[in-house]
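As structure tokens, here come the structures.
One chain, subunit A, links the two complexes that follow: it is found with subunit B in the first and with subunit C in the second.
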Partner chain A sequence: MSLHIVVCAGIVPDPLQTLEPIVGPKGPALKNEIMLPGVLDPWAASALYEAANLVAKNSGSKLWLVSLGPKTKLQQVMMTIAQKVSFELVAIDSPTGGFADAQSTAAVLAGAISAIPGLERDKLLLFGGWESASRGAGVTLQVVGESLGIINQFMGVDQIEMHEDGTFEVLERVEGGKHQVSVCAAPPAVLGWATGNLPEPRNNPQIGMANMRTVMPSLQNAKTAVFADCGLQYISATLPGQQRQTRVVKDMAPDAIAEELAEWIGAE
Partner chain B sequence: MSQIDEISGSGAPEIERQSIEADIACVGFGPAMGGFLTALNRAWIENPADPAFESKVAPGLPLQVLCYERADDIAAGVSGVVTAARGIRASFPDLNPADIPMAAPVTSERILYLLDPIGASRRPLSLRIADRVLHALNGTLGVRNHAYDLPWAPRFLHKTGGLVMSIGQFNQWVGTQIMASGMVQIWPAMPVSQPLFAENANRTGDQVVGIRLTDQGVDKLGAASPGFVAGMDVRASLTVVGDGPFGPVGQAIDKRMGMPSGRDKREWALGMKFVIELPAETTLETGTVWHTFGYPEPEIFGFLYVHPDRLASVGIFIPSWLGDPNRTVYRYLQHFIQHPALWRHLKAGTLRSWGAKSLDESGQHGEPFLVGDGYARIGEGSGSTNMLAGSGVDEAWTTGVQLAEGVIELLRKKRSFTQENLAATYEARRRASWVERNARNAINARNGFHIGFVPGLIGMALAGMTEGTFSLGAKTPRTHEQIKKRRAKTPKELKRHEAAMVAVEDGRPLHEALMSARGWPEIEFDGKLLISQQDALLMGGKVQAMPGFADHVIFRDAGLCIYCDDKTCIAMCSGQALTLGNEGIPLFEREKCVHCGGCLWNCTQTVAEGLTNIDFRAGAGGFHSAEN
Partner chain C sequence: MDWCGVMPESILVLTHADESGSLTKSSLEIVTAGKELATRLSAQLTIGVLAADSASPARAIAGADARVLGVSGGAFAQARYVTDAAACEALCKAAQAAVILAPQSSRLARVAAGVAHRIGGSIDTHITSIRGDAGLEVSRWYYRQRVEAVLSRPARPWILLVEGGVFPAFVGNDSTVTVEQVTVQLPEVRTQVTGTRAPAEDEQTIRPDARLLFVAGAGWTKKQPDGQVHATDAGELIVAFLRKTGASLGSSKSLVDQGGDGQPVLPFLTHMNQVGQTGSTPRHPRGLATCCHGEEPHVVGWRFIGERRAISLDPNCGWARGKADVVYIADAFKVIAKVNELLDAKV
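On to the complex of A and B.
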């Protein structure tokens, strides 16, 4: 069966960079955020690669990538992402900073998805990340689905398998390292992906060149997002605590290393 | 798909590769390519209807300009610089430094001669005498914190009116503007493996007809593995080579076309620096520039540049003419920042990032053929860096702009990109410019360092103050010959060597152990600013390497490594990506390599005339830091 897959994937500051929360004139922000390189939100990137794989397996399918972020950052990130899989970009220009309210963000995304020409609801699978490296509350995708009236929602997805009769099976992560297996009668559905099973695709310059035919016009025509003021206020913002202790040892048995690590973690 | 018919010269079996056509193929995105693409792009934007900018390969569309960059992001550049910004300001007359993160106007410049507060520095007699005089006249001369602030700096060193910048941030700022127009595509994370040569139909010799991207889905040695993707060929009527001092495309062209008579790249330096967040109470003002010399070794020059928001770039340069094979650069940098003159400002700071890169310091001595049929060279790899002024970014940028002007002239006159036409436009502009004049003044300025440190300083001053009319004459040995063999003849040296060997048996690298044996104190890690080199690899964005690419550092003949006593490649490796393996053969870990290229010119073993045992090929990954 042919599918219309829409992947919602935001741009986030590269999590490997030095991230430092500060309070800016408009509330919480990251120090020097404009100078930090952006990446596609890692969980949503998994969703994108799974979506591309599904499109390749189901002839007649189409893939859209809906991405919200500062236009200049979107452009920069797309030069990497566009080399990996084929998609049509729907770019939405927004100010730097990921502290926007999930409800307002979801409204903007839902509006952009509704406006995609040729998108057929009975073929629609809405993909995104289950978690996020942004500062969102982790509920945006669900709210987008709700806004679009999609009631079948799956979170922590690791696998989807399409059946010939149009049904599909979804594996969602549950506690204890197990999966919950669900069978859905038909699209539309929302799938919030965990890591999936696919590796990051190789960079393919020809795919990049092909994607540029839609990426550049989309970026040039990107509309500026208008977020509704919902009165959200942040009291404080902090990074998760981390510490690093390095010690160089030679010829230490793996069991001894594991024992020491367990002891160290237990002491924290 | 197309079957490659070019002269590969490798002897390897040809494989089917995808091929695309472009008008201009560009290799590497640094300041030189930024200058080229900015000027080209701007000319098109000013007059998009100009038929000169219509693509030959896609009629009806603007020029198809494709640029490929190895690093994973165009912001992942490595350099905190101070630049006179003459060429950059000419391109951006209304430049507001505040628009570029980490950029600021130069507000003050000082040159500090650093005395040795530890007593471990290897100083020649002349310097030891000078140091004693300075100490004796401390009150009169104003020696403070073991540093003598030179009351006067020669004009050729001034960066008055210039900028302190982060090259990563500058590249990002420039690249974003270039790509916004849609004419130029800059593809990161895509290394170029080699130029495509073809026989020249009109005369003897080869022409460059494009570039080949790197194969993916290969093992360490480059053999196809599951998921193999053959690197695509990009055919273009002009290939712009701006892949830096040791880029694989530049290297291959030098090998195929040869170097002009008497030219050779023999002088190098490794620049390594920390980006440090200064303490809140710092008294260092934004735009402050310090140049230092004298410590940790006399041959090691240093710098401190203060960016906005209390960030500082602090680093050193280890030159190839530092004869000692113990080029333990990371540890030297840690000793440098602890010099009292710097430490009083830095000690309460926090390390945010770290980086390193090789600099081609040969200047015009290492200038290759700037143009050939189908290609042009710009930037550092074209010999543009001026080591008298200690300046490279502005020169590189300007050579890019000059090429763009030449290309635009040829496009408008409907002339092809032959050697003659590129020479008459690009090369002629370059030869008539300040870049060339200053390069000529500088050409022999550093010869004296091959005699000794003090003659080197005298030679620089002489050349600088006479605009190159006078300089010291000295033969520059080939790079690997500049590394002196370890000598352990005197009882004192033998004792040190013995101590070092004991430390090596305990698991320490020889170069580290020798430093300790010479009297350099151990670094007391504080987990904040003084951290292990392995921890530094995890700072400010980390070092990354995408899987599926081959190793880019290759030992041509591992047997030579077994009998190499020096192993300077290991000492010089910025990322500890080279370590001592079994049987004495260095091990390379691609995941730690920062692509500084230091190993390339720190190999003492030769396999052929002018060819050392290390082959530095195209590779992916490297730094992810945007603050460098």
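On to the complex of A and C.
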């Protein structure tokens, strides 16, 4: 069956960067946020790669990437992501980072998805990360789904398997390192992805060239998001303060270390 | 929903049963949270129970001194968005509470934001503390446990998903619990839960209730002093250690990803073992890191570990200094082999 897959993916600071919160004019922000190198949100990137894999396996399928972030950051990240898988970009310009309200963000995303021309609801699979690496709330995708009237939702997804009769099986993470297995009758559905099973695709300049036909116009025409005021008030945003007094043990024999560790492990 | 006339801070605690039909531990923790908050704010407390037969698990909250609402039926025996969202929506509307507390369990985390949207409320998740006497303030982490923020919202209803381990589990008494059953209008159910899939018991390496987290870094699969890779030996040592200690296994992303790059791997590792920036942030009283390197991503994985020790060959390892209590500069192969011997001798 052909699918219409929409992937929602934000931009987050590269995980290797050191972050420092500051008080900005509209609440907390990150110091030099605009200068920090960005990456596509890791779990949302998993969703994108899984979506591209599904599109490749189901002829007639289409893939849209809806991404919200500062336009310059979007442009920087798309230079890499666009070389990995084929998609049509729907860019939304927004200066906000992780401290923005998830439900207000979801309202903007839902509006953008509703406006995608040619998107067929009975073929729609709405993908994204189950949580972002910025806000990490696990709220946005559920609310986008609800706003679009989609009441079959799955979170912490590691696998989807399409069946010939149009049904599909989903594996969702639950407690204790287990997966819950569900079978859904048909799209539309929301899938919030964890890591999935696919490796990051290698860069392919040909895919990048093809994607740029839609990526550049989308970036140029990106509308600036307007967020509703939800009354969210931050009292503080700080780095965790605890610094431990580390005992560095350099000249102890492995056997002696093992004895100390065995005692520590066994101690209540 | 019209919230006029709702008490200033009336509280609903959402709880649910597990596969055995008992109230989950995280649910009982939220009952404690609800009781503490209700006392502090002089608010009315209601507890909602989601289960196939809500009267049975509700016995665990006897003595909670709260109104108890229940949703019952075969459709609620399993976790599923369409049915759970409808059930939680019905409980919220029946309780008319301004503040709704729920555990950050996979079951309620799957539906809580959707429910907030349906009842016209706000939501915050991964809450690690609730404070404030005049108003309500909560703490949560941003940027994968790297920035901690305290926030508040004037809007109600406000759903708060609280992390496990923040409150002690409620212990009930022998008194009788009267459960008011709430009717749920279910939409067409197009999703069938067919079961759970888990590794065989002796292959399960993720143990959330373990006292010790053992983190394996990429160093286990790198060349050793003899110039050779000993991934098989590493795997045997780690599995033996996990079996003897009952520890939970965490890993760095680089080690899990090696499989996709054709490098030596530890066959029992999956992405679900990942801790840190792109993985989980587990909570265990103790943690032992071996052969790890790197800074920020690992610090994130260790945020909620109590006592921390590490074995590393690098005395200048940036992340361990100031983050671990003890760092042993040693060969993890030799140390863990000897630890296994000593643990054998103890049995």
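We adopt the following convention: the second predicted complex is superposed on the first by the 235 of 268 C-alpha atoms of A that agree within 3 Å, B and C clash if a C-alpha of one lies under 4 Å from a C-alpha of the other, contacts with A are read in each partner's own complex, and residues count from 1 in each chain.
Methods note: a residue touches a chain if its C-beta (ideal position, glycine included) is under 8 Å from a C-beta of that chain, and two chains touch if they have at least 3 such contacts.
As the structure is a prediction and not an experimental result, all values here were calculated from the model.
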Margin query: One more residue to check, A:Gln75. First (subunit B), second (subunit C), both or neither?
Written below: first
Check: Just subunit B (first), just subunit C (second), both, or neither: which does A:Val174 touch?
Finding: second
Checklist line | Partner chain in contact with A:Gly149 - subunit B first, subunit C second, else both or neither | finding: neither
Notebook entry, point to check: A:Gln17 contacts which: subunit B (first), subunit C (second), both, neither?
Noted result: both
Notebook entry, point to check: Looking at the overlay, what does A:Pro28 touch: subunit B (first), subunit C (second), both, or neither?
Noted result: second
Next item on the list: State whether A:Gly118 touches subunit B only (first), subunit C only (second), both chains, or neither.
Entry: neither
Note to self: Is A:Gln83 touching anything from subunit B or subunit C once the two structures are fitted on A? First, second, both or neither.
What the structure shows: first
Notebook entry, point to check: So which one touches more of the residues on subunit A, subunit B or subunit C?
Noted result: C
Margin query: Looking at A:Asn204, would you say it contacts subunit B, subunit C, both, or neither? Reply first, second, both or neither.
Written below: first
Notebook entry, point to check: Which subunit A residues are contacted by subunit C in one complex and by subunit B in the other?
Noted result: 16-18, 199, 244-246, 248, 250
Notebook entry, point to check: Which residues of subunit A touch subunit B in their complex?
Noted result: 14, 16-18, 31-32, 34-37, 72, 75-76, 79-80, 83, 199-200, 202-206, 208-209, 212, 216, 220, 244-246, 248, 250
Next item on the list: Could you pull out which subunit B residues touch subunit A in their complex?
Entry: 18, 20, 68, 72-76, 101-102, 166, 169, 172, 175-176, 179-180, 182, 185-190, 213, 216-217, 227, 229, 232, 234, 309, 352-353, 507, 527, 531-532, 534-535, 538-542, 544, 546-548, 624-627
Note to self: If we count contacts the way the header does, which residues on subunit A are in touch with subunit C in the complex?
What the structure shows: 12-13, 15-19, 21, 28, 30, 42-43, 98-99, 102-103, 106, 133-140, 142-143, 145-147, 151-156, 158, 169, 171-186, 194-197, 199, 230-240, 243-250, 252, 254-255, 257-259, 261-262, 264-266
Notebook entry, point to check: Taking the complex as given, what residues does subunit C use to touch subunit A?
Noted result: 78-82, 85, 105-107, 109-114, 116-118, 122-126, 137, 141-155, 187, 190-199, 204-208, 212, 245, 257, 260-261, 271-272, 274, 277-279, 286, 288, 295-297, 303, 307-309, 311, 315, 320-331, 334-339, 341-343, 346
